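In what follows, a structure is listed as structure tokens, so that the remarks can point back to it.
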Amino acid sequence: MEILLQALTLQLGHNATLATLGAGMFGLAAGASGAFLVLRKRSLVSDAMAHATLPGLALAFLIMAALGGDGRGLAGLMFGSAVSAALGLLAVDWLTRRTRLTEDAAIGAVLASFFGFGVVLMTVIQTLPFGHQAGLESFLIGSTAGMLRADGLTILVGGAGALILTFLLRRPMTLVAFDPEYAAASGVKVRRIDLAMMALAGGIMVVGLKIVGLVLAVAMLILPAAAARFWTDRVERVVWGAGLIGGASGFVGTALSAVAPRLPTGPMVVLTAAAIFFLSMILAPGRGALAVWSARRGFGRKLRLRAGLLALAEGRAPSAEALAALRRAGFASAAGEATEAGRKAAREAAEDESLWARAREILPPEALTGRDDGATPLRAALTPDEWSLVKGASA
Amino acid sequence: MGEEFVRFSLAPLLIGVLAAMACALPGNFLLLRRQAMIGDAISHVVLPGIVVAFLLTGSVTTWPMMLGALGAAALSAVLIELVRRFGRVEPGAAMGVVFTTLFALGVLMLERANLGRAHLDVQHALYGNLESLMWLRSSGWSSLLDPQALARLPEELPRMAGVAGLMGLLTLVFWRPLKIASFDEGFARSLGIPVRGVSFGIVLAAAAACVAAFDAVGSIIVIAMLVCPPATARLMTDRLSTQVWLSLGFAAFAATAGYVLAGYGPIWLGGEHAVSAAGMIATVAGLTLGIAALCGPHRRRDEAGESQPL
Amino acid sequence: MNLASRQEDFALAARPDGPPASGPAPLEARGLSVSYGVKPALIGVDAAFPSGRMVAVIGPNGAGKSTFLKAALGLAPKIAGEVEIFGEPVDQAYGRFAYVPQRASVDWDFPTQALDVVSMGLYRELGLMGRFRGEHRRRAMAALERVGMADFADRQIGRLSGGQQQRVFLARALAQEADLYLLDEPFAGVDAATERAIVEVLKGLQAEGRTVVCVHHDLATAQEYFDYALLLNLRKIAEGPIREVLTIGNLQRTYGGRLTGPQLAAFGASGGASGGAFGGAGG
């Protein structure tokens, strides 16, 4: 517990601090730019890019080693993986535009074949005399253990750069994500913005490779945005909310992984974000599952009760489900007899229904759109002005 | 070369081909239903399933692990559906949420579980180890008639053959509902076809193929074979039955060519070590698709059809 | 006032042997409410279509026309109410009705041919493994012929025009040989020739004593094609023989301000001014 506190307050030494800050910055940038991908419904394209980094990573290592270098320089590896991620993106784009394949098939095909080729190159590296210490495996699931100072700085700077780019591109990206046709009509180059959006995501994943690994990199683009979506309907808030959630997940996850051995960084960061997502999905007011479920249940009950009351008022026999609703509300006895309260409520419901009919006649239809749900009493649905208007007209 | 081939290459080659075909069959329907990425999701969640099975049984034997993986795949399919409906997230993001979360959980458990001698690690899960499935008891082609030698075939071979056969049988028996429900869901439901059951069944079948193939050949082949051969076949024909047969052919071709290239390619190039067969098979499958995308007779969407956003 | 016993009276009155003796309605909805999430798509709709009619379901965009059809078949999330097809719940009436979904609802890039699509209509007879014999092929071809598409039997469906695609869909329903046909916007995006051909086929079905229900949005042709109508705008506005239902008052209540003068004028002859006469939403 004490170590966790130390990790969270950046007191575990210089490199750990750098890693934690770097992960926080990465999460912030990934969350914010991922929001556009999720809104544009193209989040899995980034998964193809993430897996497509492997051959570039391996080739960069081979080239740097062949040139007599160390082969492990993070900047060089990042450059190589960025190039092959870009190739993967272009391959997905080419397959979807030039053939009848849908995007999901193109993603799956590119992901598998690029990654497969990367695996081939990895086995080549392993057969080289110096290959065993390459440590490229750490890029699969991420590890900040043994991260160098320069690596941490690279991640920090890369993350900040991505964040600035996200900020600069936020307007066209919002337009394109929200309504591509309108964006095209108003002169935005949709295809170019789309590619820029994906390139940005690819860049961010390359930055995060060392932290979360390429298999899980896509999680940090999707999870924060999907989580933020439950709390608000406004695009800007989704974007920066996702950034906040992503940043917090990166920071806390990395700190957690420093607390004990065998707590790998990537999974810890992703699981932190996942915990926030699932909590949001269940608990968020308005859009959360519990809220939606109970609202739908309550709405169904209200509708059935209303149907039952109207049947009572008109002297018809209520349907079985309406009768059950009447019983539940205490408007009908177990034997199916209407109670005193039931008869009174039925009269009120009938009166309200005729007021509704009147309102539909005299108010413009637009005024009632979204308010006329078949269960809400007129009084509660209208503004006081409209209410007195309808009341006056039917008097 | 006969004796050496039978001893070292015959079994891995057959296992690779059978695994590829077993995955390609359900892959056809995933492709048509725009669920190609389900394969990606399944192959990721196999890991946590295996780890949980290990934690429960304490052993790395085949059957508990397969059941664990199958359970995890089924669970992930349910979770994806739940996230999609209750979270009202688009299907792609829902998959992304679920499989990354479960995979992260799997890696974490793997690290914490301390498997000791067990040959279970993330790399093995990804690459598999096709090359090691040798038939050491064989002494050339004549061993194919020798019951004693046959009994010592790698156990993956009969298992993979069984699963491939099962996939073929399922496809044959449920051909009509599979086709109708994949083409027109509303109409299928109006016929009383349990559309959701069909949908879940396809995912479950794909998961079974994945899981069986996974132990032998690794998840990378699984993803490649679920998507690439059916996609290649789609670009070659406009007829569903032809597409399915062609996809089997392309799967077998990729497995064979990939295996041979991985084993002998480096030697031809003057190297001395073989490279990963799984990786090479996936690469070949991708290249085949690339060629079909360049010149397959039915590669283009027809004008009358709906246009596709970027 | 004992509700339970009244319900029995009600049930008695609704029995086929009670007057008028005409068997259960092909399609009957009672208090049908549908909602996606908590947004109502259909509120408390009561409707009972008489047998052997051409029925139009009419209303503005987003009024729940398609939803009504889907909910009737159990394809939309019902939140309250009940639906019966020939007096039975949907899942016991399979085989008695044929559904033609909106053309836009399927992937026309699917690798299948026109004849193959029509053969899907024979699924309930063929089952999982039943052999597709020459007789089945002949029936599927006959259905294609009836919609004038026999020459395109082997054409991949994506290479058909919109009107041809709609005809193939209709042929698939014909192959089902049902008693009740439910079509969702069959005239949307089709050419004039196709529209006439479809109407002719549908009238042929009616002449054979079958019931046809179409979601329809073109007021100008409604009276020509149909003889019975359900006007919807989230709720039922009116239901009945089309000449009695398509009145200016009803249309105004259905479409609100969205109807133009000329559109309304087209009904001047048939309607008169009063709109409240038929079981509307008021009450």
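In order of appearance the chains are A, B and C, and numbering begins at 1 in each one.
We adopt the following convention: a residue touches a chain if its C-beta (ideal position, glycine included) is under 8 Å from a C-beta of that chain, and two chains touch if they have at least 3 such contacts.
Keep in mind that what you see is a predicted model, and the values were worked out from it rather than measured.
K.L.:
Report the chain whose mean Cα position is at the greatest distance from that of subunit C.
P.N.:
Using the mean of the C-alpha atoms as each chain's centre, the farthest one from subunit C is B.
K.L.:
As a test of whether you follow the contact definition, which chain pair has the most C-beta contact pairs?
P.N.:
Counting C-beta pairs in contact for each chain pair, the top pair is A-B.
K.L.:
Roughly how far is subunit A from subunit B, going centre to centre by Cα mean, in whole Å?
P.N.:
The computed centroid separation for subunit A versus subunit B comes out at 28 Å.
K.L.:
Just how far, in Å, is the C-alpha centre of subunit C from the one of subunit B?
P.N.:
43
K.L.:
Suppose each chain is reduced to the average of its Cα coordinates; what separation in Å results between subunit A and subunit C?
P.N.:
Here subunit A and subunit C have centroids separated by 39 Å.
K.L.:
Going by the touch rule set out above, which residues of subunit A reach two or more other chains?
P.N.:
100, 292
K.L.:
By the touch rule stated above, which residues of subunit B touch at least two different other chains?
P.N.:
34, 88, 234, 301, 305
K.L.:
Would you please write down the residue numbers of subunit C that are in contact with two or more other chains?
P.N.:
Correct list: 37, 109.
K.L.:
List the residues on subunit A that touch subunit B in their complex, please.
P.N.:
Residues of subunit A touching subunit B: 38, 41-44, 47, 93-102, 104-105, 107-120, 122-124, 127, 137, 140-141, 180, 190-191, 194, 215-216, 218-219, 221-223, 225-226, 229-230, 262-264, 266-268, 270-271, 274, 277-278, 281, 287, 289, 292-293.
K.L.:
Along subunit B, where are the residues that touch subunit C in the complex?
P.N.:
Interface residues on subunit B, with respect to subunit C: 32, 34, 88, 173-174, 176-177, 179-180, 182-187, 189-193, 234, 237-240, 242-243, 301-302, 304-306.
K.L.:
Which of the residues in subunit C end up touching subunit B in this complex?
P.N.:
37, 70, 73-75, 91, 94-95, 97-101, 104-113, 116-117, 120, 123-124, 126-129, 156, 158-162, 165, 172, 182
K.L.:
Give the list of subunit B residues in touch with subunit A in this complex.
P.N.:
31, 34-37, 39-40, 44, 83, 86-90, 92-93, 95-97, 100-101, 103-105, 107-108, 111-112, 114, 122-123, 126-127, 220-221, 223-224, 226-228, 231, 234-235, 262, 266, 271-276, 278-283, 285-287, 289, 293, 296, 298-301, 305, 308-310
K.L.:
Considering the complex alone, what residue numbers of subunit C touch subunit A?
P.N.:
Per the stated touch rule, the residues are 1-7, 9-10, 30-31, 33, 35, 37-40, 43-44, 79-82, 109, 234-235, 253, 256-258, 281-283.
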